Structure formats: structure tokens, C-alpha cells
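Structures follow.
Both of the next two complexes hold subunit A, though its partner changes from subunit B to subunit C.
== the complex of A and B ==
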């Protein structure tokens, strides 16, 4: 039972990391948004699995919130942003795909090395996924600094948030509910404010 | 009684922000109501500070709110600067002509911004503190482009992105520490509670605690304008409307450093203070260098003030690494900086309005053109340069002294040189602005208005603090030092 739990969470975490790589090799904002939506749904499912196996019922509620906020509302906001600007244009990142993927490989190795003390002190069945969660944090950070397109940057930031949520989920079965709710509120407001500022950038450059 | 104090501290800005949101047709009346009610926050913060200075117990309400001497000090600073910004912001200043919609936007966000900062320093839950500090980015970013220029919108985007990502790294650190804490078998419900964490800190795993602190320092350090992730700060602070610049520079940076201090306390108990001290020394020196070496080349006076903020944050960061004396100096420095930098930013808004340009080269003959503003602005620059009698002189001397006592002669010499460079650069830039022939078409002369009178208050207070620190403040600072370095 515990072995199955451990394997399922590992697989889910790996899937989330792979989805973040989509942003590095695709060239359309639509693909980024889909990758983020899928990643968020995977996170919600992981949350539900942890809630079930780890007997942490409040995580069912948190997973539901993840599904609604990050799986539905935020991607819709991003899609609206994408639709409002000229579609189908090529996006040129600061680094090419090959170099980007190479950097991400290095980041994943670094994440394993850095998270070793953390994984050693833990006795939860989910500890195996911690390096992957940290790798997701690093790769997302890399996405933000290496992409020039605003939607890629926002998606990078949101994937960073997903990585931290995964870290909390696998490391300690989530942070206290009050903090979790505050984080949801911040993510939601943050994306709305980002949207407003991006629209203002469009307005002022159109003048 | 505790509940009333906390409510009196937090509610005025929240209520004013909500009122501005709801009463959309009468933003100017809301603005005046805002000016009348914001002093309640200040009085409450003052009452809390006096109680904590005289040895009273921390203010505790429920499981989430706890104000000790360190939070009390920050609360007074936030409430003071917020009161200045609220009193002199769009809707109540008579010199600018703001549109009603802009007045409303300003009143909504500036109050929520003040509220989120007050929440950050009054909560005992480090998770909630993080949520509040992240919320400061959200509430302030939309105010930067109040005048919708291309530069201000881009500054806002840069601030929003770097700020959000930085603060997300701080959350990573928070979660790493929380994971460690949860494995020590403590009740999960209090697992991000500062007091509970402090008690259990000795059970932390040293490796994990160090990892957490690196994330926390990078994350909150980004918000505090520490090098190398300070790059958002010059644009954001110079493009924002001046009342917002005052709050961002005067207190938001201090609130971010406050978060670093809170975590440092816990991490130090787990692994000893040598680790965090050495990191703070490196980061502090780098930040001080970036700030002070950039001053001379600035061509806009608000950017000059922004780089001066970077310099002073570096200095405060250094102080925090230098034992109890250094910590005392850092807190005194943050106090002086909060008051005088906010006043100087608000004065720079008056200069900008008068000359219609933010460049130093276009601002000639300030002394003849607007004598009251010029004298106060000059006093502010002197204070920021570390000239006596201002309190920043005292705190800078104390930081240097602490550095010497801690056995860092080379570092201390470097700091002294950087401080001299900063002072010289500020003086050169000020000289360019004060004297010379004003460009034609600029209105000459200035009346001594209420705004001038109000702006002289923080400048006079900082001068007074440099001459003698009143006993209650001395006690409050000493008690706050005990919180950071028990």
C-alpha cells in the first residue's frame, strides 16, 4: 500500500516536471497555457491521492480549490490575454531550445543534490518526490528569466507556485489551511493584476 | 484591550480602502475621510509601542496576531509613513489636478497596501506573514502606472514579475522550514507560528535550516532591494507617484527586511548565528556598493533617491549581521530612513510638479524657485548622506563601530569609503539642483502651505533623534534587538 502510494506520487510529480518542459520547446502561448492547465490538474489529483492515502481530509478541499483556481479560472484569464493580442506570432526566447533543455537537465541534477538533506530527514512515503518538486521550482524559475514573452513569464511564475505547492504536499501533506487559502487569493489577485498591467502595456505601446 | 488596539491599528486603512472601492462617485470625500481616520492607526501603533517599550507583554489576539517590540516598531513606521502619503496624496493635495478616477484608484490601493504591510508585521504566523508580503506586491503594482506612461507601465511589470518570483522563492524557504518542523512532530496547527517555531528550533536539522534560509534571504531580499536582485527597484520607485514611492521606499523595504529578521532568529537558534551573519555581510556589502556607486551617474532625482534606498538597505543588512550593537544600529537606521526617505520622496513630487521634469539637469535654481521645498529637500539629502545632526549619522557610526568590534577591519574600511562616496555623490547632485538659473517659464516663489509644514515634521524628528533618542524609543529598540537576538 505504501509502495503504491509512493510510486503514484512520484509518477505524478514527474509528469508535472515534464509538463513544465513544454514551455521550453513549444513556441505558442496556447501550448503554454494547456501545459499549465494540465499540470494544475495533475497537482490537484496528487493532492487528492495524498489526502486519501495520508488520511488528511482537508486536502480534498485544497485539491478542489486547485482544480477551480489553477485548473480553470487562471488558465481562462491567460487564454483571454492571449486572444486579445495578435495571435500566431513566433516567440523568440533568449536561449534556444537545445541550450534550455541542457540547462534544465543541470538544474534537475542540482535539485537532487540540494534536496538530499531534506529527503534524508523525512519519513513520509512521499519523500521520493521532493527532488522532483524542487527541480520543478528551478525549471520554472529558469522559464521566467529566459523567456521574453509575457505569457511564458506568467506561466513560469505559476508553475513555480505549482512546484512549491507540490513541495508542501509531498513534504508535509500541505501547509496549514489558512496559509493555503491566502496563497490561492494571492495567486488569483496576482494573475488579475498581471493581466491589467499587460493590457496597459499594450495600450501605451499602441499610442 | 489587546483586541481593540489591533483593530484600531488595522481597520482604518482597510475601511478606507473598501469605502473608496464602494463609494465610487465621491472619491474626494473619501480621501478627506481617509485623512481624518488614518491617524487612528498611528495613535494605536504609538500606544502599542509605548506599552512594549515600558516592558509590557506582547499584544496577543487569538492564534494569529501577536505584536512584540520588533513588530511594534515597524507598525509605528508603517502608520507614520502611510499617514503622510494619505494626507498628501491625490484627492487632498491642492497643487496637482487629478481625475476623480485616479483619486479613487489611489485611495483604494494605497490603503490596502498599508493594510497588507500592517498585517505582515502583526501576525505571528510566518505563513500568513508571507501571504501579506506577497499581497503588498499586488496592491502596489497597479498604482505605479497611475499616470499611464509607457515607462511607468513597464516599471510596474518588472516590479510585479521580479517581486512575485522573488517572493515565491521566499515561500519555497518557508515550506522547506515547515517540512522540517512538521517532521519534528510538532502540532501541525501551530507549525508556522513564530513563537512555537522558536521554541522548537533546536530540533531543526541544520542542513535543512540552512537551505531554508538561503531561499528566504534570496526571496525576501528581492523585495527588500538587496543585490543582485534589486534591478526592479530603481524603475518602480522612480516611476511611481511620489506618495507611493514614499511608502515603497520608506517602509516596504523595511517590512521585507523584517521578514528576514524573523526567520534569522529561528534559523540562528537551529544552526548558530555565524551562518546567517556571513550571508548577510556578503549581501549587505554588495548592496551597499551597488547603491552608493550608482548615485553619481543618475540623471533623474527620483532614481537618485531609489539608489539611495538600495544603499541604505545594504547598510541595514550589514548591521543585522554585526551582533546586538549592529542590530540596534540597523533598527535605528531603518527608523531614520523610513521617516526621512518618505519625506524626501514626497518633496521630490513637489519638485517634479514645479519643474515638469524629473531630470536633474532640468531642475536648476530650486532654492530660488521653491525655497521651502528646497530647504527641506536639502535637509533630507543631508540626512540620507549621513550628515549630523540626523539620526542616520548616529546609526551609520554605530554600524561602523559594530563592524570594528566584530573584527572586520577591512570590511569596515570598505563600508566607510562607500559611505563617503555616497555622501559626496548626493552632495554633488543636490548642488546641481539647488543653484543656478531656473529654466524660463517656471513659476517663482512658494507659499508655506500645510503640506510644507507636514513634510517638515519627519525631517525635524530625524534631526531630533540624532541629537537624543527619547527613552521610550531607546527601550523599544532595545527590546526589539532582544527579539532578533535573544
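== the complex of A and C ==
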């Protein structure tokens, strides 16, 4: 039971990490948004699994919120944002794809090395997923730094947020509900503000 | 001793004999998906028979390497095939070689294929060899690391032992290392066997072709040998994907019932993997040659992540 729980959460966390690699590999904003949507749904599923095995019923509500806010509203806003600007062209990053992927491999190994002592003193069943969550945070940060396109940067930021949520979920079975709600509001507001500002950023920084 | 030799021999012969059928099956599935009727599954056997009977036209500039290459390719591929656990998880060939030997044998075949392409001195052959080496240099380490991940989890580098351990402890199979390594292995498999989106197996005259460019100068029996070896290579890698990562259904004893069940299981697994391959080839377009290293870097990163995570799960 415990072993299955540990392995399922680790697999879900790995799936989330893989979905963040999609942003490094694909070159169209639509693919980034789909990756983010799938990643949020995976996060919601992970939350539900932790709620079920870890007997933390309020996490079911949090998972549902994640599903609605990050799995549906935010991706829709992003899609609308993408549809309004001139899209369809390939987006070229600051760093080429091979190097980015190798950097991410190195970041993941670094995350494993950093979180090893932390996971050794913990006795939660989910501790195996911690390094993966940390790797997700690092990789998302790297996306924000290395991409030139605004949508990719926003998606990177949102994935960073997903990574922190995953870290909280696996490291402490979620933070208090009021904090969680505050974070959701933050994300929603952040995306709406970014949406308003994006066109200006695009006009002044692009080309 | 005799029994061990028999187990190895039967499995190897099985792989070699069904290989053209697997190629024919993938082609048939692709044709059906594209709305064509397609040739029968046994078509590759007919083609092989026809090619074996034909005479050979060999370039004047070809040296002995050109004549040696087809035999080395077939030899290396068959030797590699003899190491793979096909129906029985207890594979006596574990004593003869492990996954490193397998990777080395596959690389030997690739190397001689490239040499054979270079030898007659044609422009196309050299181009194909150069590309094949670029791709191979990136895929071979990925295959090795992906299988090494399994070795780290199961504690053995022998292929039969890996399959046996995963069979005994199914919990290994739902770990992240396993899933990541499987994804990496599949991408490497596609690149290694020259399928879309890395190479197009159904073209003869395209500037971006890899495999076909190398074997352009070969004809008659040599061509048949090389084509057969390519089919065995595809079947071998598909079998490894099926049996190392999803070993369920393999026989753990040599009882006749278990062996028949295992034979059915491997046929079903190969059919599913072949269908997936056909689906993928129908859905994706060929990558530009300069994007191929990106795909291979992706699969290398996946394999690296898999290896890192398997260190951590311990």
C-alpha cells in the first residue's frame, strides 16, 4: 500500500517534469499551453492521490480548485492571449534545444543531489518525489530565463508555481487551505495582469 | 548444457525467422491506416527470396571491405539477437554476454554498415554513412543508459536476469525510472532502426535518406542479407522493449504450457508495439535533419533522468 503510494506519486511527479521538458522541445505556443494544461491536471490527480492515501480530505477540494483554475481557466486565458497575437511562426529560444535539454538534465541531477539529505530525514511515503518536484522548480525557472517568447515565459512561471505546489503537496501533504486559496487568487490575478501587459511587452521587446 | 544451447538456439532462430514478418506487419498496418489495402504480411519473405536469387552488380572501386560488410552485419546482429530473452526469462545466454555486449554488437553492425556505404566511393553512400554515424553516436549511449537504468534497479546487467527480476517484483515497473527509461528507449529504437521521424523506411530517392543511401550500392544476395539484418535489428529492439520493460507473460520454467503461453504473449506484445510504430509513422512527418539531434538529446536527457531517479529510489 505504502510502496504503491510512493511509486504512484513519483511517477506522477516525473510525468509533470516531462511535461515541462515539452516547452524546451516544441516551438509553438499552442504546444506550451497544452503541456501546461496537462501538467496542471496531473498535479490535480497527484493531489487527489495524496488526499486519498494520506487521509487529508481537504486536499480533495484543493485538487478540484487546481483542476478548475490551472487546468481550465488559466489555459483558456493563455489560449485567448495566443490567438490575439500574430502566431503560427516558430519561436526561437535564446539557447538552442540540445543545450537546453542537457542543462535540464544537469539541473535534475543537481536537484537530486541537493534534496538527498532532506529526503533521508523524512519519513513520509512521498519523499521519493521531492527531488523531482525540486527539479521541476529548477527546470521551470530555466524556462523563464532562457525563452524569448512571452507566452513561453508565462508558461514557465506557471510551471514554477506548479512545481512549488507539488513540493508542498509531497513534502507536507499540502499547506493550510487559506494559504492555498490565497495562492490560487495570486495565480489568477498574475495571469490576468500579464495578459493585459503582454501586448506592450511584445511590442517593445520583440524584433 | 545441451538444453541451454537448445534454449538459446530456438529463441535466436525464432527472432530471425519472424523478423521479416514483423516488417511486413508494420507495413501492412501503415497501409491500412493510410487507406490502402497493402501487401500481405509475408511480402518481405517473397522480396528476400527474389533478391537472393538475383545476380550482383558490384562497383569496380569496391574493395574487400564491401564484400565483408554484409556478413559482419548479419553476424553481429544474429549474435546480438542470441542474447535477448524472447520467450524464456531464464536465459542461459546471460553467461555469454550482458547489455554492454549487446550494445557493442549492435554498434559493430552499424559501423560495418557505414564502412560498406563508404567503400565504393559514391557520393550518396558517403553522405548516408556520415549521417548514420551522427545518429548512431547519439543513440547508442541512450540505449545503453536506458537499459543501465533497469540494471541499476534490478541489480544485474544480464538481460535475462533483468526481465526475471522485474517479473518477480512488479513494483519496479511502475517507478519513474522505468517509465522514463522506456520513453528514452523507444525514441532511441526509432532512430536506431531508421523509422520516421528520423529516417523514412519507404523511400529510395530522397536527399535526406540515411539507411537507403548507405546500401544503395548493394544488390542481390548482399542486399538481401543487409535487409534481413535490418529486420532482425528492428525485431530485436522491439523484443527488448517488450520483454525488459513489460516482461509479463514470459515463461519462468521450461514446461510446454508456459512456453506456448510465452510465445503467444511475445507475439501479442510485438503486434501491439508494431501497431504503435505504424500509428506513429502515420501521424508524424520526417524531421529536418538538423532537428534530429534535438530529438536524440531529448531521449538522452530522459535516459539520464531515469538513471538519476533510480539511484534515488534505492
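The rule is short, and it goes like this: the second predicted complex is superposed on the first by the 199 of 207 C-alpha atoms of A that agree within 3 Å, B and C clash if a C-alpha of one lies under 4 Å from a C-alpha of the other, contacts with A are read in each partner's own complex, and residues count from 1 in each chain.
Operating definition for what follows: a contact is a pair of C-beta atoms (placed from the backbone, for glycine too) under 8 Å apart; a residue touches a chain by one contact, two chains touch by 3 or more.
This is a predicted model, so every value here is computed, not measured.
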Fit or clash between subunit C and subunit B when superposed on subunit A: fit
Partner chain(s) touched by A:19 [first = subunit B, second = subunit C, both, neither]: neither
First (subunit B), second (subunit C), both or neither touched by A:125: neither
Which superposed partner A:185 touches (first subunit B, second subunit C, both, neither): first
Partner contacting more residues of subunit A (subunit B vs subunit C): B
Subunit B versus subunit C as contact partner of A:139, first or second or both or neither: neither
Touched partner set for A:112, first subunit B, second subunit C, both or neither: second
C-alpha centroid angle, subunit C to subunit B via subunit A, nearest 10°: 150
Touched partner set for A:44, first subunit B, second subunit C, both or neither: neither
Partner chain in contact with A:101 - subunit B first, subunit C second, else both or neither: second
Subunit B versus subunit C as contact partner of A:3, first or second or both or neither: second
Shortest CA-CA distance in Å separating subunit B from subunit C in the superposed model: 18
Touching both subunit C and subunit B, counted on subunit A across the two superposed complexes: none
In the complex, subunit A residues that touch subunit C: 3-4, 7-8, 10-11, 13-15, 17-18, 21, 25, 96-98, 101-102, 104-105, 108-109, 112, 116, 119, 128, 131-132, 135
Residue ranges of subunit B in contact with subunit A within the complex: 64, 125, 127-128, 130-132, 134-135, 137-138, 141-142, 145, 148-150, 153-154, 156-157, 160-161, 164-165, 168-169, 171-172, 174-176, 178-180, 182-183, 188-189, 191-192, 205, 207-208, 211
Touching residues (chain side subunit C, partner subunit A) in the complex: 171, 174-176, 179-180, 183, 291, 293-294, 297-298, 300-302, 304-305, 308-309, 311-313
Contacting residues of subunit A [partner subunit B, same complex]: 114, 117-118, 121-124, 137, 141, 144, 150, 153, 156-157, 160-161, 163-164, 167-168, 171-173, 175-176, 178-179, 182-183, 185-186, 189-190, 193-194, 196-198, 200-201, 203-205, 207
